[in-house]
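Right, one structure below, let's go through it.
First chain written, first letter: the chains are A, B and C, and each begins at residue 1.
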Amino acid sequence: MKLKLRIWRQASTNAQGRMVEYELDGVSEDMSFLEMLDLLNEELTLRNEEPVAFDHDCREGICGMCSLVINGVAHGPQQTTTCQLHMRSFSDGATIDIEPWQAGPFPVIKDLVVDRTALDKIIQAGGYISSNTGSAPDAHATPAPKREADIAFDNATCIGCGACVAACPNSSSMLFTAAKITHLAMLPQGQPERYRRVKSMVAAQDELGFGNCTNIGECAAVCPKGIPLESISQLNRDMMKAMFRGDGK
Amino acid sequence: MTTDVTENRLAGDAALDFYTLGEEIADTKAPDVSIDKVWQTRQFQARLVNPANRRKLSVIIVGTGLAGGSAAATLGEAGYNVLNFCYQDSPRRAHSIAAQGGINAAKNYRNDNDSTFRLFYDTVKGGDYRARETNVYRLAEVSANIIDQCVAQGVPFAREYGGLLDTRSFGGVQVQRTFYARGQTGQQLLIGAYQQLERQIAAGTVKMYPRHEMIELIVAGGRARGIVTRDMVTGKIETWTADAVVLATGGYGNVFFLSTNAMGCNVTAAWRAHRKGAYFGNPCYTQIHPTCIPQHGETQSKLTLMSESLRNDGRIWVPKRAEDCDKDPRQIPEEDRDYYLERIYPSFGNLVPRDIASRQAKNMCDEGRGVGPAVTERDSHGVERQVRRGVYLDFSDAIQRLGRKAVEAKYGNLFDMYQQITGENPYEVPMRIYPAVHYTMGGLWVDYDLQSSIPGMFVAGEANFSDHGANRLGASALMQGLADGYFVLPNTINDYLADAPFEKLSDDDPAVVEAREAATARIEKLLSIQGSRTVDSFHKELGHIMWEYCGMERTEEGLIKAIGLIRALREEFWRDVRVTGVNEDFNQALERAGRVADFMELGELMCIDALHRRESCGGHFRAESQTEDGEALRHDDEFLYVAAWEWGGEAGKPVLHKEPLNYKAIELKQRSYK
Amino acid sequence: MVKKFTMAVTGLIMIGFLLMHMYGNLKAFNGAEAFDHYAHWLKGATEDGGILYPIMPAGTFIWVFRLFLVAAVVLHFWAAASLWRKSSQAAGRGYQRTVRKAQTYSARTMRWGGVIVLAFLIFHLLQFTIIPGTFHADPSSPYSMVVASFSQVWMVALYAVSMILVCMHIRHGFWSAFATLGLNMSARSRGILNGLAYFVAVVLYVGFMIMPLAVLFGWIG
């Protein structure tokens, strides 16, 4: 396959960025999208040009490191992670636009690499169960109903890639936060801190400068792990209850 | 054992050209009491640090995977000042996250005769009797606590309708002791640890430094006292000092270029420590995982594993006749299929340990009965031939027996992943699989306290060599990482820290300056070469050499050849590599160059270790040492020891220190899964 | 989040009001007397003292009600403006190319559409409440005002277009309000809410436009 790539190049956070065009030949359809970029970078290096910086690590769709808005869609056309997107999804001779995540709380570091530490900060605000090592009762001490445990699992599969934020017209992190809220709210172990958690995580995402959810649904449409939009309603429910409860802090 | 035999074998040891023999060493920390009392006794003997004093002590932890993340969180909770580093942009991305299948624990919730002792026994046997008994027993002991801890953190393990935890079986065992969270157990456990870590970061006990790569160790006054890092965004070289250093930096499977490891996994932290005096234990013990998606071509950057749990219901086969190999598998009738694992190992069938399943897959393909596209290969004599590298993993029986729905519920995400990558539908056509490098049992040598041969440097998780012997059983890596981080290290490091705080090191202390300058000089050297070959091209070539000669089957001749090839490649690397850009920038080529340089040195040591161990055990299969029916043949008389290698200097030979293994609780046997 | 809940609740209040307003409009088909009587009843100007009499003194309800609605509009607008500001602050540099996979046209036009709807609302109030008696109608008879206005083609056209905007706003707003209030708990409930949103939007459009058209074509009046 032969491709025309238009890639966002930006030297550093405050530098001016622009789309740069590259021609790339010899792409096989079995290649993953990132292997296609590897190929480009090998060629650039041999031409003594600077390779394109992009984040990636596990390349099996689970670490959440890879990003990229491909042809205007976060993670590209397949609703999977960019690393699991394969070139057979594109046709020979296609032009492909590649851009970094764009959102205020995700400043560009270089080229296609952005800083997503804001998501860690949301977790720091309460996305955990306070349970010190060694303090746990036997695992079977508290049974957890399968239905709720399954919902918890579905939400816990979030990989923290930030595609939801990148795709959201409001740059909102609601789906990310809601996934954690729902994961922990569905388990008996998550109950003691449930309402405190939702309040402080929501406050944190506001402070970090994420936008507000207007229930458009772009986030769930690009989420590579299929976190459902209803998680946001779960968060909203918990938040309303928290506002009327004393233990919401 | 007679002295004559040993001397004869020694005389034939070609590896002696490549190493020198040092003094024997021993693990001095495990108390000499009966196996079930060792950990308890050690915990009691270890000196304590009172909570008020912990605030005055600091610990550097490199890595945020299951071992590093859980250790950082736990030491933070205990009240130490923890500085935690990782190369990823967030601690949640460490490669533990990719583990799929499950985590073992001797809970005996199934009432199937499981016990601490059985888990201990299975793990030692699975490791082909090359692990330390004391360590493995402790691992089995704390395994149950891990499950409790994770459930309390909100890890959503699979549950049954009664609300209790579900378990399944894994390779090499006959009980159901593996806890799992669909095919994403590693992810869920890591997120659990990550949340605890973030909680400590919020509490201020842990300071987190993502996108920081450790590139040197600081040793002062005979103790590990700090590290040098490169800020991967700005290129800033920084030094950090503390009272103790913990490396939890994972395995080195990427020495093969193609592996199931993440692209960033590397040996640099461990290798830098090795060069500063830490012994490297059993570097040649590599695990080749049987159920991976076959390679698609030369541009492939990594291999993808599919959980071993697939072998619970999938049946592995190849055609009986080579001429059937290019047929549609669905057209091959039952009687023309060879379910070779079920045939050779009737009692364990498809659930034999990984090393065995992998080697048999290789054997089938070598015999010409592999499936999938034929690729051109060159053997060690340079003769070309066409080989198909794949075997079938067939779910049609399971789909018939359980129904497609049930199979989907159990393995849906794995099937989707397979389809995504190969473009084939595994519900219709059998999957094709082939072994791939997955895990390294070898790693930095540690004693029972997880302390390396450099006082003050501890090593946890895959980065150490400790618990899996020559082969790791499935669902044991998660167990070991969390055991080390949650329960072992936090109960042993205090014995060392009881002597702290140590004298504060200033920025201009000679040890600090030396480390910083060495690190800087190396980066400058890499950037100054400006040769003609890319970093990746060197890495790929190294990978080819390692896979060909130090992969699933190793020979004396091949290993000697490999050492020569690696040395030549290394020389070429330092003469002709091209690293673009500058240090003071986000520079991924530079990051990779440093890692590949270290992989080359490690690759050589792996070959030397493989060469010197003239026996087959677990993942280390020497063609010269096999039974009549092709099984691994150990030589306990000669090789019942841990090979702990000391860095011999740039021009010198590595020094071998043997740590004899003492089997008291378990009788040594030739492993059999038939 | 308080703003979002405010947004949802005030929006639903206004949708409720519109349904009531539509009911009132349809009284036109019962003739001038019924229509005017209903209007006067709301204002407490009928013989029986009007709505809620004697709980409230005659003529009070309408002011309480107006105040309540104005408060809802103001709060809705205030919440929208501050959420809008927050979202634009949160925006990155913007993409060279954007493809939306889920956003509906009505969701995309909520903000500017909302501003136009507000402008339309002001126009509508000026026309019928604040400066009654345009087009030489009798200011004391709402029926005559309605007939006078909607006998103009351009006026009907203006309302037809504006009501499309209003109903689109309601289409996304209705669903979004319930999602914000935590009712989107499954794919099924999402389907129901979205279906209801379309239903309410269509009902409102038809319900509101049928009367002006009837006037225009001379079926009533």
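Just so it is clear, contacts are C-beta pairs under 8 Å (C-beta built on N, C-alpha and C of every residue); 3 or more make two chains touch, one makes a residue touch a chain.
Please read these numbers as outputs of a predicted model, since none were measured by experiment.
Remark: among chain pairs A-C and A-B, A-B carries the greater number of C-beta contacts. In this view the innermost chain, defined by its CA centroid being closest to the centroid of all protein CA atoms, is A. Note on chain placement: the centre of chain B and the centre of chain C lie 65 Å apart, centres being C-alpha means. Chain A and chain C have centres, each the mean of its CA atoms, that are 38 Å apart.
Note on chain placement: the centre of chain A and the centre of chain B lie 28 Å apart, centres being C-alpha means.
By the touch criterion stated above, chain B contacts chain A in their complex at residues 70, 73-74, 77, 88-95, 97-98, 107, 109, 145, 147-165, 181-182, 184, 186-188, 191, 194-196, 198-199, 201-202, 208, 210, 233, 260, 262-264, 296-297, 299-302, 304-305, 417, 420-421, 423, 486-487, 490, 532, 534, 536-537, 578, 580-581, 585-586, 588-589.
Taken together, the chain A residues at the contact with chain C in this complex read 6, 8, 17, 19, 69, 71-73, 97, 99, 101-106, 108, 167, 169-172, 202, 206, 209-218, 220-222, 228-230, 232-234, 236-237, 239-240, 243.
The part of chain A that touches chain B in the complex is made up of residues 12, 28, 30-32, 34-35, 38-39, 42, 44-46, 48-51, 53, 55-65, 78, 80, 84, 86, 88, 109-110, 113, 115-117, 119-120, 123-125, 127-140, 142-146, 149-150, 152-153, 156-157, 159-160, 183-184, 187, 189-190. Against chain A, in their complex, chain C makes its touches with residues 1-5, 83, 86-104, 107-108, 110, 172, 175-176, 179-187, 189-190.
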